[in-house]
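Same chain, two partners: chain A is paired with chain B first, then with chain C.
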Partner chain A sequence: MTGRQAPLLSVRDLKVVFPTPIGMVHAVDGVSFDLEAGQSMGIVGESGSGKTVTAKTLMNLLPSYALVDGSVNFDGRDLRALAAERKTEKHLWGVEISMVFQDPMTSLNPVKKVGEQIAESVRYHLGQTRTAARRQAGDLLEQVGIPEPGRRLDEYPHQLSGGLRQRVVIAAALACEPRILIADEPTTSLDVTVQKHILDLLDDLRTARGMAMILVTHDLGVVKGRTDEVMVMYAGRTMEEASTEAVFSQQGHPYTEALIETIPKINSASHTRLVPIPGQPPVTTSPPTGCPFADRCRYATDLCVAQGPPLTALGNGHHVACHTPVRTPAAETALAANAARGHTATGLEIHQSGVPIGAVTGGLGEQT
Partner chain B sequence: MAGRGTIQLRSGEDIILRVENLVQEFPVGRDRVVHAVSDVSFDLRKGETLGIVGESGCGKSTTARAIVQLPPPTSGRVVLDPSSENEIDLTRLSGHDLRNARPRLQMIFQDPISSLNPRRRVKDIVSEGLEIWSDGDIGTEGRERVEEVLHAVGIDPVVAASHRPHQFSGGQCQRISIARALTVNPEILICDEPVSALDVSVQAKILNLLEDMKARYELSLVFISHDLSVVRNVSDRVVVMYLGKICEVGGADRLYDAPAHPYTRALLASAPEPAQSVGVADAVLGDDLPSPTDPPSGCRFRTRCPLAIDRCATEEPLMQEIDEDHFVACHLPST
Partner chain C sequence: MRFWGLRVGMLIALLLAVSMFTFGAMNLLGDPLFNILGPVAGDTENPENLAKIEAAKEQFYLDRPLPERYVRWLGDFVTGDFGVRFSASGQPPVSEVIKERLPRTLALSGMAMTFTLAIGIPWGVWSGSTSKKGLDRLSTGVAFFLVSIPNFALGVVLLYAVGFRLGWMPVRFDAGDPFWQRMHQLVLPALTLALGGAAVYQRLLRTDMITTLQEDFILMARAKGLSRRHILFRHALRPSLFSVVTLFGINAGAVFGGALIVELIFGIPGIGSLFVESIFREDFPVVLALVMILTAGFVVMNFVVDVLYSIIDPRVRQ
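Showing the complex of A and B:
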């Protein structure tokens, strides 16, 4: 959140609620962020954190029964008002903001040639002729690194490998020269070797076109060293927002700290004991009044239970929603107090060393 | 290997499973054959975790299934207790004898929800293995065993008696799958991508649980995953597979710290957080795996290999020992 000139995209206090038979599911619960032109941002979170729902809100892809509140501003236009009108702005989604989905097999039409699928959006949105659209589709396939683009135009998705299919999806998303590309888990169904190629490709295209990008992923490793900023989400809320480098080197939120700790490291010796995050995420039908992570946090104090922490600035564009940010005196005091009495304010038992007991014993009695 | 050879096989009393020259081929019509696994050999020591890693289509899951004879391999041997006098070659068994050997090997699958019958109560699912072996009534001892195993994996036996799989989360369902595998007191647990469908915070719990269960029930593990970090974390020894062949075998730390096969190096360099032992220059693989119906001649990796020379197309590399307990099948290994 650098607030110099007006950002390209500005989201304020976004809330999305889904009415379901088990109650109102608060999928996104007050998320705000800005995205500058040409900037890249990662949204990281586990399943149920609200990252995909946030992305779908930006793309106007939520089902009609979703209850949305808050504002989404794109280049001076109120996207939520436009979404309500629908017809007038058919050339916005898919043109200026476009999206790449996780599974390239289901996001492509299996009975249409890939060339037609790319040309389709150019013809519909930009009104190009059939031949011009086909030529452009060929150019796009070449730009996304597909060998022999001329031949591939007339192939069907099943004739391509997973990596090539995802390249086709990217080509289709880029066809109308979007200003923001949203990539929702673009590499999750792909092998590591292919994953690297696709992420590198997205990076190159973003730089070449001056496009802004939102990379939604559950894998911290995917955003590391790649995006400018990272927003960490948990239970529908923003826990931390900072430059990507700061998230890894001086993360402020205990959840981010726990998430980084819990991942097996490729450079750690085999049989290094992993540090799990104790407990489980809160039920989204009844979001807690306090911090949603308090139940699983070793720093939790009475204040964390009573009152949800607002997103506060730590300086250098680093924002954290925590009463006791990691590496601050507040956190040290809280941890020392919790270690001394053997449990946190939420009753999570912890060792003298400050490590949650569930994290050490792992299996026994611990529920996932 | 992306090559051949059995030099990586060890001898000794404590080898519990030996897979020799395993071949698994599937006919796909018009005389075409998918060469899913081609001449793969490895062994498993008692108490050891053997990790098998590779991209999709490299044959790692097919290998796991061939070990438990689901389906039996096209050729090759899968031997239990190879160094004892009463060794058992699973590929030669059928019917009653094969059934008798099955409790010694159990399997855990990737998707914990679809691998549990949604219509049955969890305790019945976990007890089923024992029921098969005791004509229906598992007796007091069996019931105690089920309760003990459920408790060990962190599932409340009382809840398990009345609840069905959909009432549990993905992580809990994977715990149930582990309990189901453990009730029949297996010696070898084959885990096929057991944490790939789970969130990272749950993944750590399941991996720790597997380590605990391995110690508690004296298990030996075959652990299959595409995730290089996970494989290093759980494994004592690692096998790297490519297109139905073995590229490299070695102790987990040794193999990650000094990878010798260009494919292993490329894999390690492509990881989101690359290994320290390799550089950016090693991440050179193109997108496409060649077709397993028509694999390349010589070394199967040569079409994507940055080092390939003419010899690689004509001569399949033999597995060679380049360091103590570190084997590689390559004409040009890095040392």
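Showing the complex of A and C:
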């Protein structure tokens, strides 16, 4: 990042806390990252890892009772200050940064024609006439690969399939030519056959328009081969940050390793059990003193319990928050010691082979 | 086309059924001869009076069997002739009486419905979206108060406060013509009729708004960077209007019912007071005509509601 121009989006030590009846939930706990113009980045994590809250913070969509700390800088503008006095910055959200939502079945207004919903932001922000906005909506529908766009403009969401609806949502998000597109689980609620089409479409549109993209997902398989960088989040913290390639070939965090193991492999024998991660993500009402993943980690040592590992640079922009990064001597030693005593420092029982017991008997992974 | 045919067919069938029912019921109610002739009607001993009775019976077809009278009345009704009143002279004819009084009630009800919507909808949108808990609680209190107090009490208080004390509005309705230039006289009575309904609409809309505002498409509208007002009125309002629209149709009957009392309080000679008088005087032709008008009005209102449904939600259109 050094020597180049300032990044388009710069997040520093972002913290989001929700006051709830069970206490203060630290949904995002000190996350930092940069996004260059035209760059694509994946934010990966389980439910409750803080990835969606991070995305919502960028979009100024958090509920008013959320407590936010840290800085979010977009192209030299302080987004958090702008959010506080939202009237002055009417044409930023939805224009320069926009968002695609998870469920196209519910994210379109059922009583408005899809054409109106796409043209709406063009008219509202760019002050275009009804006819010009409509023409542009038609062009956008064509760009997102909807056949017969002229006819579709006057249809209602319930007349479209899930895949087409998500294309409409994407068209609406692109209407004002955003510089950053945030896609929050854009394919999670879609048919598997449609998922790839939508992801490819997002990729093509990003390249064609030179916009930056943040792809939020629980599925590492979604970002594989698509994004430039990946940030793995857990319990509101960044666990690992690296180029997408490095995440798959030389991941440093045991959590990343575990996530990769959960991806079903096409060349495994049939009826091979999926490998779950034992246990549940913690509810972070009080941030743990140690590593938040320690309870579920086969490498966990006494140090992991006592002291949270800071995000450390490994070189080439690869950062890992772990005392015993995978494939290091420290990890080998820790695993061997844990296997020898049959459990980790947090009491997670493991086999002699180093596989956690819960991974065999435990439930499936997340079902977002 | 088929849709309209079905609607009109339903209206006709309903009018027939209601008219038969009312016609039969009123004949069980009593003997209209007393009101036509006075005490003479009971005196069948005196041949002179008996002749009068016979004459009146013939004049008003009271000597004919019920089905025949009904068919005769129906034949006149479809040609727009509502018949003569059951009084000594039979004058003025029913259609004249209604022509004089109906516009006042229509204007009053129309104004009341407009007020109900104009007050209830913005109020409901506001209270369903505000984050000011204290003010919302206050507005809930006001709404329950307005729903609970009866029309006549509200009317009398408004009359006293705004009419007598402040002198902003005329206290009595001046029936002089031309009536359309005196619409402002209806503001207080219409408000009396409207406030209770507005409070009910507010309650319904508030709940539906709160639900709608949690929908994903509201989040998406916010992500589009639209203003709060734009989101509330262009995105959230329409999907939240179902209960209000349903009640609007059903409430049409209640507005006419309420108009009856309000007309008495404010001294408006509309069909409300006419209705009551006619029932007590057993002036059947007038009652029948009013029942027909109310039925038609109710059906038309509910037709309007069905059209509104399809405007509000495209999924209803098939």
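As a working rule, the second predicted complex is superposed on the first by the 353 of 368 C-alpha atoms of A that agree within 3 Å, B and C clash if a C-alpha of one lies under 4 Å from a C-alpha of the other, contacts with A are read in each partner's own complex, and residues count from 1 in each chain.
Basically, a residue touches a chain if its C-beta (ideal position, glycine included) is under 8 Å from a C-beta of that chain, and two chains touch if they have at least 3 such contacts.
What you see is a predicted model; the values in this text were computed from it and never measured.
Asks: Regarding the shared-chain residue A:V95, is it in contact with chain B (first), chain C (second), both, or neither?
Replies: The second partner, chain C, only.
Asks: According to the contact criterion defined above, which of chain B and chain C contacts more residues of chain A?
Replies: So, of the two partners, B touches more residues of chain A.
Asks: One more residue to check, A:H351. First (chain B), second (chain C), both or neither?
Replies: In the superposed model, A:H351 contacts neither chain B nor chain C.
Asks: Could you tell me if A:I266 is touching chain B, chain C, both of them or neither one (first, second, both, neither)?
Replies: first
Asks: Look at A:R12 in the shared chain and tell me whether it touches chain B only, chain C only, both, or neither; answer first, second, both or neither.
Replies: The answer is neither, since A:R12 touches no partner chain.
Asks: I'd like to know which partner A:S121 touches here: chain B for first, chain C for second, both or neither.
Replies: In the superposition, A:S121 contacts chain C only.
Asks: With the two complexes superposed on chain A, say which partner A:T193 touches: chain B (first), chain C (second), both, or neither.
Replies: First partner only.
Asks: Please write out, lowest number first, the residues of chain A touched by both chain B and chain C across the two complexes.
Replies: On chain A, the chain B and chain C contacts do not overlap at all.
Asks: Flag every residue of chain A that touches chain C in the complex, lowest number first.
Replies: It comes out as residues 59-61, 64, 90-95, 98-99, 101, 103, 106-113, 120-121, 124-125, 156, 158, 169, 172-173.
Asks: Please name which positions on chain C make contact with chain A in the complex.
Replies: Listed in rising order, the residues are 131, 215-217, 219-227, 230, 235, 238-239, 312-315.
Asks: Hey, which residues of chain B end up touching chain A in the complex?
Replies: 55-56, 151-154, 169-172, 174-175, 199-209, 211-213, 226-230, 232-236, 252-253, 256, 266-268, 270-276, 283, 285, 287-289
Asks: Where on chain A does chain B make contact in their complex?
Replies: Residues in contact with chain B: 46-47, 161-164, 191-197, 218-222, 224, 258-259, 262-277, 280, 362-368.
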